[in-house]
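Next come two complexes built around subunit A: one with subunit B, the other with subunit C.
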Partner chain A sequence: MIPALQHIGFIGRLTFLEAVRQRFFNFLVLLALALIGCAGFFRQFDFGPQELAFTANFGLGSMVFFGSILAVVVTAQLFFSELDNRTALTLLAKPVQRWAFIAGKLLGVAMLMLVFVVLLTTLLGAYLWWRQGQFIALWHLAHLAGSVDTELPESMRVHFDGLAINALLQWLKFVVLGSITMVVASFANTNMYTVAVSFFIYLICQLQYIALEAYQTVDSAVVGSLVWVLSFIFPNFQLYSVGEMLVFTSKNPVPPGAVWAAIGYSVVYIAVFYGLAVFSFLSREI
Partner chain B sequence: MSTPAIRIEHLTKDFRLGLRGVKLRAVDDLSFEVADNQVLGLLGPNGSGKSTTMKVILGLLEPTLGKCEIFGMRSDSVAARRLVGYLPESPYFYRFLTGRELVAYYAGICGITRAEKPKRVAEVLELVGLTAAADRRVGTYSKGMLQRIGLAQAIVHDPRLVILDEPTAGVDPIGSQAISELIRELKRRGKTVLLCSHLLAQVEDVCDHLVILNQGRLVAQGPVEELLRREDLCNLAVENFAPAMRAEIEAVLARHGARLRRVDPARVTLDRLFLEKVGTKEQQDKGTA
Partner chain C sequence: MTLDRTSWWWRRGRAVVVIFTTLFAAGLVARPLQEAAWVEVKARQPEMNVHDLGDNIGQGMLLGVFWGFRTVLADFIWLQGYHYWEQRDQPDLEAMIYLSTTLDPRMVSFWDNGSSEIALDIPAWVYRNATLPRDQQAAAYRKARTVQAERALSFLDRGLAFHPGEFILLKDQATLYDNSLHEVAKAAEKWREAAEADDSPFFAGRLYVRHLLKMGKKMEAYAYLKKIYPRLPADAPDAQKAVLWDWIVGLEHNLQVPHAETPQLTPPPGWTPDPEIDDLAKLIDVDF
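On to the complex of A and B.
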């Protein structure tokens, strides 16, 4: 294998191992799992089949909320732990390229976020599957008794393939967010500064579409061009907010090809932010 | 003549400080060479530019002016770094790994194949005397053990040049003596060692050349023997000396135009006394085995 790829693999694996042993990761995972697990509480409200959509939204929301915190905080922490403890000094004194070091760190974060997303999606999927089964059984009984229509209501149709696609999209979003954090960390002096600035950028990315909509109506060519440029600098995180549409397709189906476009969009941003992080880190004195 | 292990020519390194970019010159027009298989002591007070020089040699910092080569290659090239092993000052390693896992990790980074890794890792752990503690987490290691595991990761890929930054900082005299012995062993194996230490007795003991820096500038360099020798004085070690002999000796010396400056009782060094009383690392290991 090419030595640089080997280095990325070694650093990525160690970064992942370090991350899963952090209390912060375990705390957030447990909290997110507990929240999804608590979704059973909604049964108390007797939403009927709408409970599935409510639970799905709640679970997906937990994933986005805790995943975003995790992606920013853990990326910053893993990067600065190498610098503050001077393990980066030992590592970079070996035949390791700086770009391989950044790639390895990012790979470790990506692996961590994958575990997080898979864990939460599996639990949410299992819960939805169990509740869906119960609703369908009740519907069958009612159907045999002739008290409901012949068609299974859409609200009882959970699309588990959509749930898996959503997991993939959320994972990509977290990796994009991790790579944004890596860019900030590559020139920042402290962990706190990195976390604060990255969350600020996250907010911009999350609200980017509002600014776009507002400024697109402005007649000024200069402002229009500026907004156009800015819309390229900050990725639009609203593109990833399609969980409900993917899990309950009837409501507002995702257009064909949109998922592939989102994957491509993510890959391009990850590559660009990775490049920026490397460019900045190359000249950093450690 | 063989290529020197390290060649530094007119090295200058400036750091920009603060928003106004005030320039701080850490190293100023430094030039020296380290021959292959030499043990060189890099000395200087705090802030004299030792660490900066070492970082340039390791390719971690780019020189502002001048150049640095390792075995004829640019020091910041990956090819050059394959030939270098480095032990940083007060090393901190991944606490969640065992000693064996840590050394295996760095072995992998240095390109040692999966097949030869276990053997190589076991060898260096044996060499630094950590075989018994190899499967303990690094987080449980004492200061001395951390230095030794640091040495193990520095030499796991059998580098030609080993750079040691304060390898005995915080280590007891037994551990320190073991590290000195390891440096001698590295020299016997044909390695070049660059040792940076404030423990001058150790530097004098193991190094054959010295480079002394002060305020970023070279103030002295050369073989230890040459630098420490006083041409106009010499010591005589006399057994069974009696004070009455002194007048006769002074007379003999005066006849030859020499003068007796001082008669002191011979002393052993504190290090030697300590090791005699407590035993070397090897003796201790044998005792506990």
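On to the complex of A and C.
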């Protein structure tokens, strides 16, 4: 068992190093960081009065958007680069099990997404902290002058612990998405096919919440049953759309139980998709 | 017929069955976890409630896809709406208004300005663009105003589902009932709701009283004035406490009810009766 774990760690480390050297990863990370840095510029297109909420929303949106692209494209690229370069053949000719190979790949992707999420969250947190400090200083001045209420407005209270929890949840979502891509890659013949199908599945997962409830309102029994089955087959990615609630809401915060449930849900799906990827890869001819 | 277990169809078919069966089983196992988290997520985001979307399931899809960037996307769509507003392009303007409020229903200003554009600007375009004879233009305008006001009212109802008791939206509805549909009773009801909203300005209560009087409900107006008067701050000029006291006294004269002064119902300091205290219509400026 220990050699297998060493193999997983080794493949994971190599996968991660290969990924961070990719231009695509660096480009997406820079783009996402630049977007968060430019949130102040985009603020001029906003009609809402709360800058911090807009900035947080924009930053979290960048994380979800670019993270999803990264999780799908990089997973597919890393998988197929092993096959195309024949390094997978060399690896699997050694005493490396196929399940360990998939686990290592997934570990590398998970590490990559962790770096991505930590980078973006750190920048977003720093920006919010800086602007929050400025707003609070202005509020204190106004408070001293007696022109504002005694309580600090909700819109100025950024919950940085919530930002960290959101980062964890987004990371888990990206790992789930990476493992879905791994399942597709395990039987697909081309990188492009894997990316296209994985994005399609991602869209279904984003919309699964509709199927979750809509089957009761569908008139046709056949369509209703199909929608009901679909609601069980695909994971619900809207569970992870809690960023703003975690970062700003202090009156009605998301209970820890819900966060733990989302974490457990992610772990179940990562395990299941990993198992399916192994099952499919075992019978694949390389 | 023998089954070739080495065939492509067998292998692929088996893989598909195993994958879907496993995912279905995983869905069953993970359902309690999903329920536990989803109940909390949905409770904090009413726009996620599929049952409320009814036939507009496409809105739910839009939200699901663009969730991350919905605020900034809604802003850009709203700006695009102004392009159509300048072009006086009704269908596209309304589409942009609906789209931006779907993407970001939290923005009260979208509901507020959107309802004004639907109810007030569009009928004015219809009126100006109409190639009708002069005597028919006014009728066409009135019809467009009524139709658009009703559309704006249902639009605002949607907004109120996301912002229950929001003064600005209730005020918009009351104004539409007043100025576009001329339905005094419904306007009165909306002004009452607006007056009870959080951070409601004092004039909402006064307008409710005026509407009650327009409907001839003097006793109800008197009771309402007695209810709100003690709550008004003496040092806020916009509360117009002296004016309201005039109204109370004027109504007492008009209704011939005995003046019952209590510790809560006392005239504001320095109050002098209005010279028109006995002429209720002039006093409250209401056309009975």
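Just so it is clear, the second predicted complex is superposed on the first by the 261 of 286 C-alpha atoms of A that agree within 3 Å, B and C clash if a C-alpha of one lies under 4 Å from a C-alpha of the other, contacts with A are read in each partner's own complex, and residues count from 1 in each chain.
By definition in this document, a residue touches a chain if its C-beta (ideal position, glycine included) is under 8 Å from a C-beta of that chain, and two chains touch if they have at least 3 such contacts.
This is a predicted model, so every value here is computed, not measured.
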| item | value |
| --- | --- |
| Superposition on subunit A - do subunit B and subunit C clash or fit | fit |
| Subunit B versus subunit C as contact partner of A:115, first or second or both or neither | neither |
| First (subunit B), second (subunit C), both or neither touched by A:187 | second |
| Partner chain(s) touched by A:286 [first = subunit B, second = subunit C, both, neither] | first |
| First (subunit B), second (subunit C), both or neither touched by A:21 | first |
| Touched partner set for A:64, first subunit B, second subunit C, both or neither | second |
| Partner chain(s) touched by A:217 [first = subunit B, second = subunit C, both, neither] | second |
| Subunit C versus subunit B, contacts on subunit A by residue | C |
| Which of subunit B and subunit C A:91 touches, first, second, both or neither | first |
| Partner chain(s) touched by A:238 [first = subunit B, second = subunit C, both, neither] | second |
| Following superposition on chain A: angle at subunit A, subunit B versus subunit C, Cα, nearest 10° | 160 |
| Overlay on chain A, subunit C to subunit B nearest C-alpha distance, Å | 5 |
| Subunit B and subunit C footprints on subunit A, overlapping residues | none |
| Subunit A - residues contacting subunit C, complex | 42, 45-48, 54, 57-58, 60-65, 183, 187, 203, 206-207, 209-210, 212-214, 217, 229, 231-236, 238-239, 241-242, 245, 249, 252, 254-255, 257-259, 261-262, 264-265, 268-269, 272, 275-276, 279-280, 283 |
| Touching residues on subunit A, where the partner in the complex is subunit B | 3, 6-7, 10-11, 14, 17-18, 21, 85-87, 89-97, 285-286 |
| Complex interface listing, subunit B residues touching subunit A | 15, 58-61, 78-79, 81-82, 84, 86, 88, 91-94, 96-97, 105-106, 108-111, 150, 153, 163 |
| Contacting residues of subunit C [partner subunit A, same complex] | 11, 15, 18-20, 22-24, 26-31, 33-34, 36-42, 44-45, 48, 50-51, 57, 60-61, 64-65, 67-72, 75-76, 78-79, 106-107, 109-110 |
